[in-house]
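I have a structure I would like to understand better, so I am pasting it below and will then ask my questions one at a time.
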Amino acid sequence: MGLAFFPIGSLEQHGPHLPIGTDSFIAQSIASGLSKKFPNSFVVPTLPYSSSFEHIGFPGAISLRSTTIISVVQDVIHSLERMGIQKIVLVNGHGGNYLLGNIAQEMNVDKPYVFVTPNRHHWDRAYEKAELSISISRDMHAGEGETSILLHLIEEGIIPSSVKPDKYMDVDSPNRPLLQAIGMRPYTSTGAIGFPTRASSRKGKLLLQELINQISITVEEFLGDKH
Amino acid sequence: MGLAFFPIGSLEQHGPHLPIGTDSFIAQSIASGLSKKFPNSFVVPTLPYSSSFEHIGFPGAISLRSTTIISVVQDVIHSLERMGIQKIVLVNGHGGNYLLGNIAQEMNVDKPYVFVTPNRHHWDRAYEKAELSISISRDMHAGEGETSILLHLIEEGIIPSSVKPDKYMDVDSPNRPLLQAIGMRPYTSTGAIGFPTRASSRKGKLLLQELINQISITVEEFLGDKH
Amino acid sequence: MGLAFFPIGSLEQHGPHLPIGTDSFIAQSIASGLSKKFPNSFVVPTLPYSSSFEHIGFPGAISLRSTTIISVVQDVIHSLERMGIQKIVLVNGHGGNYLLGNIAQEMNVDKPYVFVTPNRHHWDRAYEKAELSISISRDMHAGEGETSILLHLIEEGIIPSSVKPDKYMDVDSPNRPLLQAIGMRPYTSTGAIGFPTRASSRKGKLLLQELINQISITVEEFLGDKH
Amino acid sequence: MGLAFFPIGSLEQHGPHLPIGTDSFIAQSIASGLSKKFPNSFVVPTLPYSSSFEHIGFPGAISLRSTTIISVVQDVIHSLERMGIQKIVLVNGHGGNYLLGNIAQEMNVDKPYVFVTPNRHHWDRAYEKAELSISISRDMHAGEGETSILLHLIEEGIIPSSVKPDKYMDVDSPNRPLLQAIGMRPYTSTGAIGFPTRASSRKGKLLLQELINQISITVEEFLGDKH
Amino acid sequence: MGLAFFPIGSLEQHGPHLPIGTDSFIAQSIASGLSKKFPNSFVVPTLPYSSSFEHIGFPGAISLRSTTIISVVQDVIHSLERMGIQKIVLVNGHGGNYLLGNIAQEMNVDKPYVFVTPNRHHWDRAYEKAELSISISRDMHAGEGETSILLHLIEEGIIPSSVKPDKYMDVDSPNRPLLQAIGMRPYTSTGAIGFPTRASSRKGKLLLQELINQISITVEEFLGDKH
Amino acid sequence: MGLAFFPIGSLEQHGPHLPIGTDSFIAQSIASGLSKKFPNSFVVPTLPYSSSFEHIGFPGAISLRSTTIISVVQDVIHSLERMGIQKIVLVNGHGGNYLLGNIAQEMNVDKPYVFVTPNRHHWDRAYEKAELSISISRDMHAGEGETSILLHLIEEGIIPSSVKPDKYMDVDSPNRPLLQAIGMRPYTSTGAIGFPTRASSRKGKLLLQELINQISITVEEFLGDKH
C-alpha cells in the first residue's frame, strides 16, 4: 500500500522578515520529515500557490480561485491513484486553505484515502511541546513559530539565508473578526501577526519535530484504519 | 446601504432525535434574529443543502459538491448586489462548510462586502453565556446545544414537533482526528456527538440569543468598516 | 423502489399582491400532495431560487445561472441515488426553468429515472377542471391561478397571511413575443400578467388538487415504466 | 446596428426517410430566408449538434451536454459582440433545445440583444397558413412539416436528394408524457412522430415562407425595441 | 470496429480573397477523402468555429474559448463512443488549434482511440509532393496551399465561387515570433501570410490528394495498433 | 513596467537516468537566466505538474487536465496583473503543453501581455549553437540536450546529484506518428527518446546559455512591442 505526502504551499507576504514562499517551505519540510518516518512513502512536489486573497493588501500574493484549487488537488490525487497509491496526506502549509477539508470529504465518499493535515490540535500540541511563548492563534502569521522554523531551515542549509533579523517587529492582534472580509492589512502594519522577535532556530527545530511527531500519530491511525 | 442575511443550512442526519434539516432551522433562526436587530436588513431564503459528505454513512444526507456551493453562493450574492445590497452576511448553520471562508475572501478582493458567521469565537462565547455544560468542540453534532435550540424552536411553534425525546443518547467522542477521511460513522453509533440528554428549551432560547448577540457585535463592526 | 419529489421554486416578484417566494410555495404544496398519494415517497427541501433573470426589471429576484442550476439539480439527484432512490420527480414551480427538461434528458440516457413536472398539459387540464376563467397562457404570472393557490395556502395556515387583496389589479398581456429578450417589465406595470381579481381560495384548493391529480397519473406511468 | 442570425441545428435520427441533419438544414434555411429580409444582417455557420439525448434509443445522435451548449452559444455571441453586432437571433431547428431560452434571458440582463426563435406561436401560425393537415404538436418529429421542408430544399437543390419516399410511414403518438424520461423509442417504432406521407414540396415551400414571415414580424419588433 | 472522421474547422479572415470558412472547407474535404479510403467509416459534421483569437485584429472571427473546445470535442467523441465507434480521427483544418493534442492525450489514457491529424509532417510531405513553391511555414495562412485547395473545390462545385482572384497579394512574413501575443495583424496587411498568386486548382487537387495519402498511412497504423 | 517569468514544469519519467522533475528544473533555469538579463523582472515559483498523459505507460507522472492547466495559468497571470505586472512570459519546460499557445492567445485579445516560450525556433537555434549532435526532434525526451543541461545544473550545485550515468542508453525513434494516441511506451523501452550518452555538462551550459540568448531576443521584441 503506497502512501504519498502532498504539500500545499502558498505565495504571500510574510512580513518584511520572511520570504513569500514561507508556507511552501514549511509544508515541504513537514512532508519530508513525515516521509522519513513512513517507509514506502514519498513526497509530491509542493503546490506553490493556493488561496491567499486575504493578503491582497500587501504585494507578492499569487492566489488560485477555490475552483482551481479543487481541480489541481483532484488531478494530483487522481494521478497518484493511477500509480497505485492508496493513501494520500495533504500537508497544508497555509492556514487559509479551509476548503481542503471539503475537497477531502468529497473524495472520501467511497473509500477513505485523502487526509488533510496538520489540524488545529497538531499545531497546538506542537507549540506547547516546543515551548513557544504563546498560542498559534495569537502567533498566526510570520510570528514566533514560522520564523523559528525558517531560521532552522536556513541553519540546515535547506533554504537560502533570506531572513533579515533587523526588520523583526512583533504585532499583537488577538482578535481579527473581520479577517475574511477585510483581509490582513487592517490588523497588522508589518504584514505579520505574532511575535517573531522571540524566534530561534532551536525552537524551530523543536516545533518542526513536534509537528511531525503529532501528525505521525494520526497518519498511523489513518493507515491502520479499516473503514 | 442595504444588508442581507443569507442562511446556509444543510440536510444530514442529526441522530435519531433531531430532524435532518436541523442546521437549516438554526441558520434561519439566527438570521431572523439578526435581521430584527438591523433595520434595512432582510433574510434571504435558506440554502437547504450544502457539504455533508461526512454523513454519508447514515441515511438522509443531500450533499452539494464544493464547486456547486461556490456557484450558488456567488450567484445569490451577485443577485443581491444587483438589487443594491452592499453588505451580505452568510449565516452558516453547518460547521462542515469550511469553504465559505474561501468564497468570502475571494469575493472581497476589491471591496469587503461578504462576511461569514458565526465563527468559532461566537459559538464559544454563546455556549459559555448560555451556561451549557460543555464546549461546542465536544458537543459537536446534535448535542446539548443544537437539541436545546430545536426544543426552543418547537416550543415557539417555529418548527413542528418532530423531536423524539425518548431516543436521546449522549455520545462523548472528544477526538475525531480522521473525521474528514472516514466520516462520522466510526465516531458515533447514534449519529450524534455530544450531550443531548442535557438539553432544554430554556438553554436553547439563551444560546440562540447569545449567538445573535455575539454575531451582532461583529456585524456592527462590519457595517462600520471603512476599508 | 424509493420515490422522491424534489420541488424547484424561485424567488422573484409576483406583483404587489403575492410574496416573492410564491413559486416555491406552490412547488412545495404540489410535491407534498403528490407524496401523500405515493407510499414510500418523500419530499426533498425546496430549492428556493432558480432562473429568474426575466424579472430583473423589478426588485426581489435572486437568480442562479443555468450552469449553477444544472450542478445543484445533478448533485441533489446523485445524493438521492446514493440513498437508493430510484425514481425522482422534479416538481417545478417556475415556468421559466426550461432547462430542467434538458437536465432530465441528459441524466436519463442510461436509465429513465428523472422526470420533470407539471408539464403544459397538466396545467391546462387543471385550469379547466378547476374552472378557472381563462387559460394559463394568459394568466401566466401571479394571476387567477397562482393567487388562488396562495389564498388557499393562507387559509390552510400553510403560509402566513401576506397577500394584500387591496393591491390586486388585472393585467391582460396575451402576446409577449420578446419576453426572453426584454423581460417582464415592458409587458406589465404591476409585475403580474393575468387576472388576480378573479382569484378565490376555493379555486385555489381545486386547482391544487387537480394539478396533483393530473401529475399523479403521469407519475404512475413513470413508476410502471419498464424501459 | 448589425444583426446576426445564428442557426442551431442538431444531429439525430429523423425516421428512416429524413437525414440526421434535418434540423440543421431547417434552421439554416430559416436563417437564410430571414437574412434576405433584413439588410445589414448575416448568417453565422450553423451549430450542427445540440441536445439530442432523447434520441439515444436510435443510432446517429451526437449530443452536447447542456453546459457545453451554454458555453458554445455564449462564445459565439461574445465573438459577434466584439465585431459590433448588436442584435443576435438564435434560429433553433431542434425543439428539444429548451435551455436556449435560459441562455438568452441570462445574457439579456443588462441589455436585450439575444432572441430565440421560432417560438411555439410562430410554428402554429405557419402550420395553419401553410394548410398542413394537423398541429405541430402531433406532427412533432420528421412528420408532414419537416418532411415537406426537406422535399422543398431537395427540389431547390439546396440539399442533396437523400429522402427515400418508399420508407414513409405515419406514426400518430399524440401523448408523450414521459418523453423526457424515456426518450422517443417507446413512442415510435420508426423514429418519426407525425404524418410524413402527407408531405409535399409545395407545402414545404409555403411552411418555410410562413415561418420566415412570422418570425420576421417579431424580429422587427426586436430591432425596434427601446428597452 | 467503426471509424469516424471529425473535421474541426474555424471561422476567421483568410485575406481578401478566401472565405472566412476556408479551414472548415479544407478539414471537411480531407475528412471526406479519408472516409472514401476506409470502409465502415463516416464523417461527422464539421465544427465550424474553434480557437481564432489571433485573428481578432480583422473582422469575421468567431472564437471558442479553450474550455469550450474541450467540452465540444469530448461530447462529440463520447456520443460516437456510445454508437460503438472505436477509433476517432480529428481532422483539424486550423493550425492554431494546438490544444487538440492535449485533448487527445487526455482521452487516450485508458485506451488509444482519439487521433489528431494532419500533423506537421503530413503537411510538409504533401507540400513537397504537390510541388508547391515554398514550405507551409512561410505559406502559413491563405497562401499558395490553401488558395489552391479552394480553387480546386470551387472547380469541383463543392463550394460556391467566392474567391476573388483580383485581390490576390503575396505577403512574405517568415518570422512571426510574437504571433501568439500580438496576433496576425502586425505581420500582414492583407490578413494572409504566403503566396496566393502562385495558386492553381491543379496544385490544390494534388495537395489535397497528397494530404489524404499521407494521413491515410498514419490512420492505417492507428487502426492496426495493438497498444 | 514590470515583467514576470512564469516557469511551467512537469512531473513525468525521463528515462532511468534523469529525475521526474527534469522539465521543471530546465524551465526554472531558463527563467532564472532570463530574469538576470531583464532588470525589474522576477521569477514566479514553477508550476511543477502539467499535461503528461502521454507518459502514463511509465510510473511517476502527475498530470493536470487541460481545463485545470487553463485555470491555474489564468489565476497566476491575473494575480500578477493585480500586482501591476504588465508583461508575462511563460517559460515552458514540457513540449507537450501545446495548449499554452491557446491560453496566451485567448488572454491577449484585448492587449498583448502573455507570451509563451521557448518556441521551436529557439530550441533549434540553441541546439545548433551549442553544437549538439542532432536535432531536438530526434533528441526529444531525456536525450543529449536535457541530459546535458541536467549535468550542468548538477555541476553548479543547483540540483542534487541524482543522475545515474551507468543507466544511459540511446534510443533513436525519429518517427512517432501516433504519440498522442498511444503515448511514449511503444516508441521507447527506456522512456527516453534521443542520445543521452552524448551528453556533457559543457554542452548543457552552452545549450542553456543559447536558449536564454535566443529567447531574450524575442522578449526584447515583446517588451518593445507597441501593438
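Read from first to last, the chains carry the letters A, B, C, D, E and F; within each, the first residue is number 1.
We take it that a residue touches a chain if its C-beta (ideal position, glycine included) is under 8 Å from a C-beta of that chain, and two chains touch if they have at least 3 such contacts.
Small disclaimer: the values here were computed from a predicted structure and weren't measured.
Following the contact convention of this document, no chain is adjacent to both subunit A and subunit F.
Computed centre separation for the pair subunit A/subunit D is 56 angstrom, with centres defined by C-alpha atoms.
Rounded to whole angstrom units, the spacing between the C-alpha centres of subunit A and subunit B is 27.
Among the residues of subunit E, those touching two or more other chains are numbered 56, 63, 65, 67, 82, 109. Viewed as a network of touching protein chains, the structure reduces to one closed ring of chains, two contacts apiece. Looking at the complex, you find that subunit C touches subunit B at residues 11, 21, 24, 44-49, 56, 59-65, 67-68, 71-72, 75-76, 79-80, 82-83.
Taken in their complex, subunit D has these residues touching subunit C: 51, 53-54, 56, 63, 65-67, 70, 96-106, 108-109, 112-116, 119, 121, 175, 177-178, 180-183, 185-186, 218, 221-222, 225, 227.
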